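Read from first to last, the chains carry the letters A, B, C, D, E and F; within each, the first residue is number 1.
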Amino acid sequence: MPSTSRYPVPALEDLPGDLRARILEVQEKAGFIPNVFLTLAHRPDEFRAFFTYHDALMEKEGGLSKAEREMIVVATSAANDCPYCIVAHGALLRIYAKNPLIADQVAANYRKADITPRQRAMLDFAMKVCLDSRAVDDADYAALRAHGFSDEDAWDIAAITALFGLSNRMANATSMRPNDEFYLMGRVPRQKA
Amino acid sequence: MPSTSRYPVPALEDLPGDLRARILEVQEKAGFIPNVFLTLAHRPDEFRAFFTYHDALMEKEGGLSKAEREMIVVATSAANDCPYCIVAHGALLRIYAKNPLIADQVAANYRKADITPRQRAMLDFAMKVCLDSRAVDDADYAALRAHGFSDEDAWDIAAITALFGLSNRMANATSMRPNDEFYLMGRVPRQKA
Amino acid sequence: MPSTSRYPVPALEDLPGDLRARILEVQEKAGFIPNVFLTLAHRPDEFRAFFTYHDALMEKEGGLSKAEREMIVVATSAANDCPYCIVAHGALLRIYAKNPLIADQVAANYRKADITPRQRAMLDFAMKVCLDSRAVDDADYAALRAHGFSDEDAWDIAAITALFGLSNRMANATSMRPNDEFYLMGRVPRQKA
Amino acid sequence: MPSTSRYPVPALEDLPGDLRARILEVQEKAGFIPNVFLTLAHRPDEFRAFFTYHDALMEKEGGLSKAEREMIVVATSAANDCPYCIVAHGALLRIYAKNPLIADQVAANYRKADITPRQRAMLDFAMKVCLDSRAVDDADYAALRAHGFSDEDAWDIAAITALFGLSNRMANATSMRPNDEFYLMGRVPRQKA
Amino acid sequence: MPSTSRYPVPALEDLPGDLRARILEVQEKAGFIPNVFLTLAHRPDEFRAFFTYHDALMEKEGGLSKAEREMIVVATSAANDCPYCIVAHGALLRIYAKNPLIADQVAANYRKADITPRQRAMLDFAMKVCLDSRAVDDADYAALRAHGFSDEDAWDIAAITALFGLSNRMANATSMRPNDEFYLMGRVPRQKA
Amino acid sequence: MPSTSRYPVPALEDLPGDLRARILEVQEKAGFIPNVFLTLAHRPDEFRAFFTYHDALMEKEGGLSKAEREMIVVATSAANDCPYCIVAHGALLRIYAKNPLIADQVAANYRKADITPRQRAMLDFAMKVCLDSRAVDDADYAALRAHGFSDEDAWDIAAITALFGLSNRMANATSMRPNDEFYLMGRVPRQKA
């Protein structure tokens, strides 16, 4: 059986109750346990911090749709060459966008993807934060505003990019493996998350 | 209807007979016309040269399997961020390797993919040719030989990398669009090429 | 008065109790409120997640000393050109290492700094995670083990690098300003944190 | 005697008739056999494909002069650090442009060369295709049009850049050696090709 | 005792008179001998040439203040990761600017430093010369003129950047060590150079 | 008439005597005045410093031949894309090496040039100093020693690389033009410097 990651995976019954509950909840919903949960469970405190951060950014209200947030994750993960996040969040992007093609397009080259000019501006900002944050300045915020993004939206884009930059580095450093189930999710009609 | 590329697409009936024959043959086999045929048909002489080169490298006998040749194409196209070739040749790689996961893995980060050490050495050489050919030297050939590759195999790897570097640049410069049909090919059991 | 960051800073009395308590505690200890607390307080959920993550990595037991953890932060922040984290964590590094020179050395070029070969290996691994996580592999873990680092230490190094990569991107994107107080901390005898 | 390349060179009498005819023709015209012919003759099918492609782009009618096409080749080959193509096509550029200085200027830094603003725009587009084709977009085509280039000219520039990117990678991977004769061609009055 | 550099340091009494005089003069003024004098004294002719060049650029009249010249040195040295020059010239920058924070800010990321728009333009030009001189053109000179810089000022900026690029390479190649005295200079009120 | 550089060129009769003498001496020897003399004459103090530095490194005794020193200059200038120095010092390299091909080979890609393994190690060290001096360490010196270079030779290589890095940046920033006379020097038998 292929490994989950380079690190040992604790048995569910040995985990603190809150981790076990979260893992069982996602398993119930998805039908399998995404490897990021099993990998980070090796470090319960970091597991809690990561998913608190994740939920604060990915499940909040705001100017970005769920699909747009996943677009940022996929573009960031492609820039960092992180297989786990490209494959897992690619699945989520297909599902939220109800578009079986969009994740592969954004992962390959977002500049050529079937996205709106507003989404292109969103991803240009995300890539600046991802690859050249030292040079982010007023002009970058102005470019977002020209497409109707508020400064709160800008924070969201930057923070999602930054959080998944963290996630990409942990997944690459631990050789976290994408679950086989993700690859096909959202690609065929009626496929459920 | 989404465009094939930035350039006009000639009507099949206006094409020289040899191009039309080749296009009808691939349509017969695949069930659709891959956009690279329609895009390059804008320039019949270049169409002929490209597919002659393609066939000389991808349909020859030799030490590399068909799946391995497509792995080189996918890794090269990922390094060049070329959506057309990642998507189209990703489909071929899944089919030849009879592996629904391998193309997304190689496109994301071949260093983390489920490939053999021999294939890893093959792709390391390909990436040196793709990204830093100026520094290719004896040590690179020696690394291939240590995995059983002959100098003829090395030529094949280099030439496939070089040809698809050409293809990636043309596809990106013309904004060639991957056909929708490619995305799902080889992902589900019994899916045919 | 120079700004804290590009975003508005909430009044202490308007903050949720747990944030206010944490901020007052750090103010009590340091004599001032570091701007990262005021900046992130704009987003209480992210504030909580960030500092939970921070504490899980920076205040845990383990094979890395407090000074070594701050060394990783300073080297990472220098690689990302993040003034806030170079200046603020440079102060912490001087204090924990009881060495007034070390932070400027690590920020300028850790390869030339007065550190042990073990610390050099630690920072080489951190920089691989920071700048090229796609290529982290067995050889990188082996290089750490050769200096006595366990795989748990390797996780710590990777995670600290990844978390401060997040922090660097948020600080650069928001133009977070280092407090004036940090610059001199730990530089003169008896200077207190 | 210095080698032609890393690969064996077939005897002329062992070559297929069409290759031998082409080689004798170029020898007749140039007074020597350029090593690219001898190197590629190791693979007759690839030899045919390459020179078909070459002729389709370099000997066609169109908006680019012969000297301008060679300028693109020299700039591309300099970007890829390919000695064979810099030296061999530098000779052709000098001859077609009737300018003994232009090839060395373009190889060193085309931005400082004695070329027209139109040629500068042509080479800027070529370098985008060569080094960053992922980001080629409408603005790049518009910049060409502002200098009077048609979209067909743009295709020519992109295709020449892409073909010689292939050639550069093969020449560097095989350590193809520029013939001594090329170095002086076109440098002194009455020097013939 | 930590070494001055990788190379042997001559005894003062063995030095040519002009070198000894210059070294004693700087020792008299600074209270210690900066290691660049001791390192370069290994090669008296190069010592003379370097300091002649230094004085011609750093002690001349002109449109740049002494603090601005040191800003260029610090930004250049940060771009080249040269600890000696960051630390030593950071001290001079603090003293000339009468600003204890400015050197650390410029070394970390000049785009976020407390500098004027004119100084930002000055450093943007310096960084173009430092990192991408091949592409310096009329637009770069125009950007300087828009901030009131003359072409003579542009020469000064370029030349200071170029000279300290030389100095950075020599200091890094010889592992020249910043003297401990520099770190605190200009950081506390009444601190003297 | 093409310009010497972006800056005004003083009349010979207006120059300080020592500059005029040096310029007349080189004109006597070469038959023309290389533009670097005329360009730097705009700043007499910098002219003196530059040529003092130049002579200290290029006309000293030592373990490097004159041809080897010019090889370093050409490789450095190629890495920095500096047309003036590639063309002017390429001429000197041809003459000192009595080899009409070597300069174009080194400028194009020194890894493929007809040089000895010792010269290859010399240029590898030079390129590390030129492009990544931050990482020069013991292993780089050891690699030189393995080819018989002393630490004094290492200093010479580093210093020549550093000085011509300065020269490349000044020549590129001022758009200094190579004199037409350089291009053919050393290419044909009996051509004199």
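Keep this in mind: contacts are C-beta pairs under 8 Å (C-beta built on N, C-alpha and C of every residue); 3 or more make two chains touch, one makes a residue touch a chain.
Bear in mind the structure is a predicted one, so any value in this text is a computation, not a measurement.
Student: Considering only chains that satisfy the touch condition with subunit D, which of them also satisfy it with subunit E?
Tutor: Shared contacts of subunit D and subunit E: A, F.
Student: How many angstrom lie between the CA centroids of subunit A and subunit C, rounded to a whole number?
Tutor: Roughly 24 Å, centre to centre.
Student: At what distance in angstrom does the C-alpha mean of subunit D lie from that of subunit C?
Tutor: Using C-alpha averages as centres, the distance is 51 Å.
Student: Return the distance between the CA-based centres of subunit A and subunit D, expressed in whole Å.
Tutor: Comparing mean C-alpha positions, subunit D is 44 Å from subunit A.
Student: Counting only residues that touch at least two other chains, what does the list for subunit F look like?
Tutor: 81-82, 109, 112, 134, 137, 172, 175
Student: Think of each chain as a node with edges to the chains it touches; is that a line, ring, star, complete or other?
Tutor: Here the contact pattern is something else, fitting no line, ring, star or complete shape.
Student: All pairs of touching chains, please: list them by chain label.
Tutor: Result for touching pairs of chains: A-B, A-C, A-D, A-E, B-C, B-D, B-F, C-E, C-F, D-E, D-F, E-F.
Student: Give the list of subunit A residues in touch with subunit D in this complex.
Tutor: By the definition above, subunit A touches subunit D via 109, 111-112.
Student: Hey, which residues of subunit B end up touching subunit D in the complex?
Tutor: 6-7, 42-43, 45-46, 48-50, 52-53, 55-57, 60, 80-82, 129-130, 133-134, 136-137, 141, 151, 154-155, 158-159, 161-163, 165-170, 172-175
Student: Which subunit E residues qualify as touching subunit C in the complex?
Tutor: Listed in rising order, the residues are 2, 78, 81-83, 86-87, 90, 100-101, 104-105, 107-109, 112-114, 172, 175, 177, 180, 183-184, 187-188.
Student: Within the complex, which stretch of subunit B touches subunit F?
Tutor: Those residues of subunit B that touch subunit F are 134-135, 137.
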